[in-house]
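We just call them A, B, C and D in the order they show up, numbering each chain from 1.
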Amino acid sequence: MGFIDLLQSIIPPALFFSAPLIFTALGGVFSERSGVINIGLEGLMVMGAFVGVVFNLKFADMFGSWTPWISIIAAALIGGVFSLIHAVAAVSFRANQVVSGVAINFLALGLGVFLTKQWYGKGQTEMVSEQFFSRDIPVLADIPIIGKIFFQDIYLTSYLAIILAFIVWYILYKTSFGLRLRSVGEHPMAADTNGISVYKMRYTAVILSGVLGGLGGSVFALTIALNFSHATIVGQGFMSLAAVIFGKWHPLGAMGAALFFGFAQSLSVISGGIPVLEDIPQVFLLIAPYVLTILALAGFIGRAEAPKANGEPYIKGTR
Amino acid sequence: MNSNRMFNILVPLISVLIGLLAGALLMLGFGYNPVTGYVALWNGAFGDAYYIGETVRQVTPYILTGLAVAFAFRAGLLNIGAEGQVTVGWLAAVWIGTTVEAPMFIHLPLAVIAAALAGAFWGFIPGILKAARGVHEVIITIMLNYTALYSANAIIRSVLSDNEDKTPDVASTASLASEWFQNITYFSRMHYGIFIALFAVVIMWFIIERTSLGFELKSVGLNEYASKYAGMSVKRNLVLSMVISGGFAGLAGAMEGLGTFGYMSVQSGFNNLGFDGIAVALLGSNTPVGVVLAAILFGALKVGALNMPTEAGVPTELVDVIIALIIFFVGSSYIIRWVIRRFKKEEK
Amino acid sequence: MDYVVEMIDIRKEFPGVVANDRVTLRLKKGEIHALLGENGAGKSTLMNVLFGLYQPEKGEIRVNGEPVNITDPNVANELGIGMVHQHFMLVEPFTVTQNIILGNEPTKFGKVNLKKAEQDVQELSDRYGLRVDASAKIRDISVGMQQRVEILKTLYRGAEVLIFDEPTAALTPQEITELKEIMNSLIAEGKSIILITHKLKEIMDSADRCTVIRKGEGIDTVDVADTSADALASLMVGRNVSFHTDKKPAEPKETVLKVEDLKVKDNRKVAMVKDLNLSVRAGEIVGIAGVDGNGQSELVEAITGLHKAESGTVTLNNKNITNLSPRKVTESGVGHIPQDRQKYGLVLDFTIGENMVLQTYYQKPYATYKTLNYKEIYKKASELIDEYDVRTPSVYTKARALSGGNQQKAIIAREIDRSPDLLIAAQPTRGLDIGAIESIHNRLIKERDKGKAVLLVSFELDEIMDISDRIAVMFDGRNIAEVSPGETDENELGLLMAGSHADKAGDQS
Amino acid sequence: ACGGGDSADEDSSSDNGDAEKSETAKGETADFSSGLVTDVGGVDDKSFNQSAWEGLQEWGKEHDLEKGEGFDYAQSNNDSDYEPNLNRMVREDYNMVFGIGYKLEDAISDVADQYPDTNFAIVDSVVEGDNVASITFADHEGSFLAGVAAANKTNTGKVGFIGGTDSDLINKFEAGFVAGVKTVDSDIEVDVQYAGAFDAPDDGKLIASSMYNEDIDIIYHSSGATGNGVFAQAKDIKNSDPDRDIWVIGVDRDQYDEGQIGDQNVTLTSMVKRVDNAVQQVSNMAMDDDFPGGDVLEFGVEDNGVGLVDTNDEAYTDEIAEAAADWKQKIIDGDVDVPQTHDELDDYLDSL
C-alpha cells in the first residue's frame, strides 16, 4: 500500500473515531481548567448516548434527516443538566471530586439502562433510523490527494469537533470569560477577591463539560453504535480524560491527543497491511493511549502540569 | 472529637438512607411497589442459606477492594486503580493455579501470594511515579486499569489458553472452593476466601492503628512535609501504601480466580469490584470495621438485586442507581454534616 | 468630619469564634491609619468585612458619609476600596497585566484587549513609580514586585482607599523603604490607607493614627504623634510589656556545629548556598541575619538533611553528618524548629500526643518491635504540655484546633525535650504576638544557658539583635560577615544584608 | 414486558404450529415449567439470548402459560451472576433450565451436578452430565452457506469476515465462511479480521471502513454488537453512494432491520441460528419425559437449526438462494465436510 493510500485509508476513520473524544475532552478541559476534576466524563458520554438515541428514535418521524442534529442538541442540553449533579457535589457540597465523578459514572449507566428497560422493555434500544452520514465537502473534496484524505467521506461532526476545539481555545485564551475561568482553576481566592464568582464560574464550566460530554456521547452513538445499551460507551470517556491530560489541559492539545488516539486505533485496525505494524500484537496498540498518557504524565513526553487548584473545593473565606 | 466519631457513623447511615429512599421514589415513579421491591431485594440477599452464602461470596472481594482503597486513602492516596489491581491479581492467581503443580499447602498459598504480589506491583507503578515524579495517582491508576484489562485479555487468549475466551479451571490444589460451605448453603459459591478477607481486615487494622509503619503512613497521608521533616521517608511510604493497597486488591482478584470462578475469562469491561471498593471504603469511613460493614451492605445490594426482576419485576439497574447515590452522598459528606449541625442547633 | 470610611460597631462571628465585636474604625481622607492587634485579634477579619469578603453580623459601614452594604468585593471596588492581602492573590501562570485586569477586562467584541490593557498598566505603574513589567509572568518576578502588582490591582480599579494587610512581613528592608515611599506618593495623590502591621516601629514611622483591637474588640484609636511604641504595645496586649529580653553574657564552649565550604542548589538547580562557612559553639546563640531568599532556608535544610548538599561538609560534634537523612541527623542530636510550623512542624490532623512523638514514635518506649505503645506516648505528651504550658483541651485534641502560638509552643516543647546538642530555630516567632515571642525567646536563652548550641535564623533584625550572641550575615548564599550584637547597629546590619561592604570579617570561624 | 421478536416471529412459525397443540396442552403443563438464564447480553441482545427467549415464549404460548408462571428468564449482568441465576431457577422449582451461551458452561456444569433432579440444557457448548442436554449449532455449515451467498453476490471479487474474538467458536464461523466462498470461486479474496471484542462498535466500524475502502463489497460479521459498527459503516457508504453495491451478512438472527437505510437495505442475508426452535423443542421433549440428557444435539442445516434468510429478496436473488439450497443439500448428503477450525480449513482449501 502506498503512503498516500495509507493516509487515505487511515485518516477518515481516525477522524470519525476521534470526534466524540474531542467533544468530550473539550468538556473536560473546561471543567478541569476551572478546578473541577472530571472523572465523570464517561458517565456524561453515557448520558449523551442514551439521550441522543432515545430522542432520535422518538422524533425521527418528525424531524426527518435533521433528527441526528436535533438529537445531539437535546443530548447536549440534557448532558448539561445531568452534569449539574457533579457541579452541586463538587462546588457546593465540597465533595471529593474524584468520588463524585465515580458516582456520576455509576449513575449515568444505571439510569440509562434502567430507563431503557422501562421505556423499551429490554436492555437495549432499537437501532436509530436517522444516523449521521458522511459526505464529501464540496470543492475541497476535489483537491488532489488532500481532498481524498481530508474531505471525502467525512462526517460533518468531525469537522465540528475540530472547529470547536479552536473556538474553545479562543474562548479560554482570548476572552475575559476564559481568563476568569482559568484564574478560578489556578487561584480561586485571587479570582474571588477580584470580584469573580468562583462558584458561578465552576458551575458554568462543569455544565459546559456536561454539554460537551453529551455531545460526544450522542455523536458516538449516532455515528458508530446506532443504538444504546450498557455496552455503548465503554471507556471512551476515560480515553477523553486521557486526551485532556495528554493534551496538557489545552483545548488544542486535547484535540491533538484525541486525534492521535483515533489515528492509533485506526492504524491498529489497518496495520495488517503495513509491514512494520503487522507484527505488533494488537494489544499494544490497544493499550497505547493509556500507556502514552502515563508516560506523558511521568514527564517522559514533556511535562503535564495540572491547573493548580484542580480538585480543590473552594471554600469562601478560608485562610 | 466525639462529634467527629458521631459524624463518621451518621454520615454513612444517612447516605444509605437517602440512597434507599431515592430508590423507593424511583420505583414509585415507575409504578412499582417499593415495599415489594425491597422485600425482593432482602430475600435475594438473605432469604435463605443459599442467598446468604452468595452474599458472603460477593462480600468477600468487596472487603478486600474496600480495604485496598481505604488503606491508600489513609496514606492520602486515592486508589482508583483497585479495578486493574484486581484484574492482574486474578490473572496471576489463575496463572499459578492452572500452570503449577504442587500439593495444596504449597499451591494455594502460592497462588494467593502471586495475586497479592501482582496487585502490589500494579499499585507500585502509580506509587513510584507519584513518589519519584509527583504524578497524580488517580490518572495513572485509571490508565493502568485499561492497560490491565486489555493485557489480561490478551494473555488469557494467547498464553493461558489456546485462543479461548477463558482459562482452564485452576487445579483443585489451588482452589478456595469449600464443599462444606457449599453444603450448608445449598451450593452457593461461598468459599474459604472470606477468612482471608477477614484476616486482611485484622492486618489492616493492626498496621494502621498499632504499628509505627501505620503511624508513618498516616502521617505521610496527612502531611508529607512534616513527615519528611520528622525523618520519615515520604517516598518509601507513598510507594509502600500503594503496594499494600494493591496487594489487598490483588487478593480480591484471587478470591474471584480461586474461589468464585476458578478461572478467568476475557472481560469486555470492568468487573467494577474496584470501583465499588471506593464506595465501600468511603462508606466505611476508611476504617477496617467500617469496610466490613459497608462491604456487607454492598454485597447484599448487589446479590439481592438479582432477585428483583423475578420477584418484583424491578430492573436490577435500580440498585446501581441506589449505589451511585450512596457514593454521591458519602462523597458529599460536608452537606450532610452541615444539615446535622443545623438540626442540632435548632434543638438547642 | 470628612471620613472616607467609617466602620461602626462591627461584629463578625465565625462558628465558635467572635472575631470582631464592637469594633469601630474611622478613616480620614489622606491619612495612613494603622490597625494594630495581636495574632487573631481580628484585624484581617475586619478588613475582609470592609472589602466585602465577609458579611458582618452587626454594625454599619459608611463610605463618604453614605451607609453602604458591601456584599462582595465588586461592591467594594465600585466604592473605591482596594485591598492588598496578607497572602498575595495572584495567579502565578498569568502575566502582571492579566492579573491586574482580571475581573475588569477591557474587551473589544468580547475579546480581551490585551494590548490596551498592557499600555494602561504600564502607564499606571509609571505614574506611581511602581516599576513593574506589565508583560512578565507572576511566577518570574520577585516578591516585592508581586506586592506592587497587588497595589496596581487596586489602583487599576480606581481605589481611593487602600488596605494593606501586613505588607512588610515578606519584604526586605530595602523593599520596605520603597513601600513606604510608594505609600507616601499614594497619600500625595489623595488616597487613604489602612495599614495592618505587627511592627510598632513601622506604625511610629509612617502612620498618622492607629486603631487598636484586642481579642476581637475595638480598644481605642490614638494619634500616633501623641503616643509611644510602648504605649501602643500595652494597649495591644492589655498589660505592660518589656521589649528587651534579659540575658546573661554567653559562655561559649566547644564547637558543636561546623559547616565548611557548603554548596547547596535549590530544586531548580540554582546555587543558593555558596561555599558557606559557619560554626556554632556550645552555650551560644548564633543568629543568621539576612534578607529572605539569600540561602538561609537551604542552609537549614542542608544541615537537617531535608535538602541535599552539593559539596562541602557539615560536622556535628566532630562527626560528619553531611547529607545524612533527616532521621539520622535528628538522631545525631539536632533539634529543628521549622520555619513553616503548619507545613513542616506538625501533622495538623494528628493529636497533640502523636505530634509530640513525631520523630521518636519508633523508639522505645513509644514502640516495641514496631508496635506502638500509645499509653507511653500520651503519658509523655501530658508531661510536655504541662511543662511547656501548651494550652490545649487535652492530649487527644487535634493539633489543628490549637491557636498558632500554642502550636508553636508544642513544637518547641518537642524539639527541646529531646535535648539536642544543636537547636536550629528558623523564624521561631514569625507571625506571633508579643507575649508568645517573649516566652519563646526565653526558652532559647535557657537552652543556651544549659550549654546547648543554638542557631537562630530570622528576618527580623530586632530579634537577631536581641538574643544572638554572635551574628552571621548571609548574603547571596555566603556568610559575608560575622559581628557581635554589641558592636553593631541596625543600620550597619541592614547595609551588610544588602550586600554592601562584604569586607568585614566573616568566614574565619 | 418484552415485546417479543418482530421479524423472528414470522420466521419461526413454520415448524411448530402453535395453534394446534395449545388446546390439548393445558392439563399436562400445569406442573411443568421451563426457564432460561441469559449471559450478559440479556434477553434483548438481538441475538441468541433474544432468540432463545422468543422460543421459550413461544413454548409458553403453546401451553398457555404466563411469564413467571410456567416460564421465565433471569438476566445476568455479570459473569458472576450465572450461578446464582441458575440456582434461583432451580430453587423456584423450574423443571427445565437453559443456560444460553457458552459462557454459562461452567455454571451449568456445576449446578447440574448439584441438582441431579432438574434438567438442564446449555446452548452453544457441551457439558457432560445425565441431566444436561447440550445444544450446539453447526455454525460452520450455516457460515458455509453465507460464504456461498457472498461468493455469488460479490462484484469486486473481494469479501470480508469480521469476528468478535479470535476464539474457537468464532473460528468455526470463519472457517465455514471462507470454505464456502472459496468453494464457489477460489479466486475470491477473503479478508479476515477480528475486532477483539463483541461490544466494540467503534472498532467494527473502523474495520468495516477499511475493508470497504479496499473494494470489499460484502462483509459477513460474527461479532455481536461490534457488528453495529459494521452496519453503521455500510449504511453510511450506501447513503453517500446509493448506487454502490455494498452488503453485510448478519448473524445469529435476521438482521434485516439493522440494514435498513431509507428505502434500501444493506443486509444481504443473515446466518440465523434457530435457538428459539431448539429451546422450544427441548422444552417439549423434557415435558414429554423424553429429555435428551447427556446428549449433544447439533442443530445443523439439515433440521434448519442454522441457515440463511431471504428477507431481502431484492438482493438475495433466486439464483443465490438456489445456489445456497444446492450446497445445503450437498452438506446434508455428506458431499462436503465443512471445516470447523483453521487447520481443517487449510486442508479443505488444499483439497479444492
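Here is the rule we go by: a residue touches a chain if its C-beta (ideal position, glycine included) is under 8 Å from a C-beta of that chain, and two chains touch if they have at least 3 such contacts.
According to UniProt, the chain labels map to these proteins: A, B = ABC transporter permease; C = ABC transporter ATP-binding protein.
Computed from a predicted structure; not experimentally measured.
Count the C-beta pairs in contact for A-D and for A-B, then report the pair with the higher count.
Counting C-beta pairs in contact for A-D and A-B gives the edge to A-B.
Could you give the separation in Å between the centres of chain B (ABC transporter permease) and chain D, each centre being the mean of its C-alpha atoms?
Averaging C-alpha atoms per chain gives centres 37 Å apart.
I'd like to verify one number: the distance from the centre of chain A (ABC transporter permease) to the centre of chain B (ABC transporter permease), where each centre is the average of its C-alpha atoms, in whole angstrom.
29
Find the geometric centre of each of chain C and chain D from their Cα atoms only, then give the gap between the two centres in Å, rounded to an integer.
Taking the average C-alpha coordinate of chain C and of chain D, the gap between them is 77 Å.
Enumerate the residues of chain A (ABC transporter permease) that touch no fewer than two other chains.
Within chain A (ABC transporter permease), the residues that touch at least two other chains are 231, 234, 282, 286.
Could you check chain B (ABC transporter permease) for residues that touch two or more other chains and list them?
Within chain B (ABC transporter permease), the residues that touch at least two other chains are 153, 268-269.
Please list all residues of chain D that touch 2 or more other chains.
1, 75, 77, 196, 199
Report the complete set of touching chain pairs.
So the chains that touch one another pair up as A-B, A-C, A-D, B-C, B-D.
Applying the document's contact rule, which stretches of chain C touch chain A (ABC transporter permease) when the two form their complex?
Checking each residue of chain C against chain A (ABC transporter permease) gives 44, 48, 51, 53-54, 72-74, 77, 83, 85, 87-94, 98-99, 101-105, 107, 110-112, 153.
Hey, which residues of chain A (ABC transporter permease) end up touching chain D in the complex?
These residues of chain A (ABC transporter permease) touch chain D: 8-9, 12-13, 16-17, 120-124, 126-127, 129, 131-136, 153, 220, 223-227, 229-232, 234, 236, 265-266, 269-270, 272, 282, 286.
Sort out for me which residues of chain B (ABC transporter permease) touch chain C in the complex.
Chain B (ABC transporter permease) residues touching chain C: 1, 210-216, 218-219, 222-223, 225-233.
Can you list the residues on chain B (ABC transporter permease) that touch chain A (ABC transporter permease) in the complex?
26, 30, 78, 80, 125, 129, 133, 135-136, 138-140, 142-147, 150-151, 153-154, 158, 268-269, 275, 278-279, 282, 315, 317-321, 323-325, 327-328, 330-335
Could you pull out which chain A (ABC transporter permease) residues touch chain C in their complex?
Checking each residue of chain A (ABC transporter permease) against chain C gives 174-176, 179-180, 182-183, 186-187, 189-197, 308, 316-317, 319.
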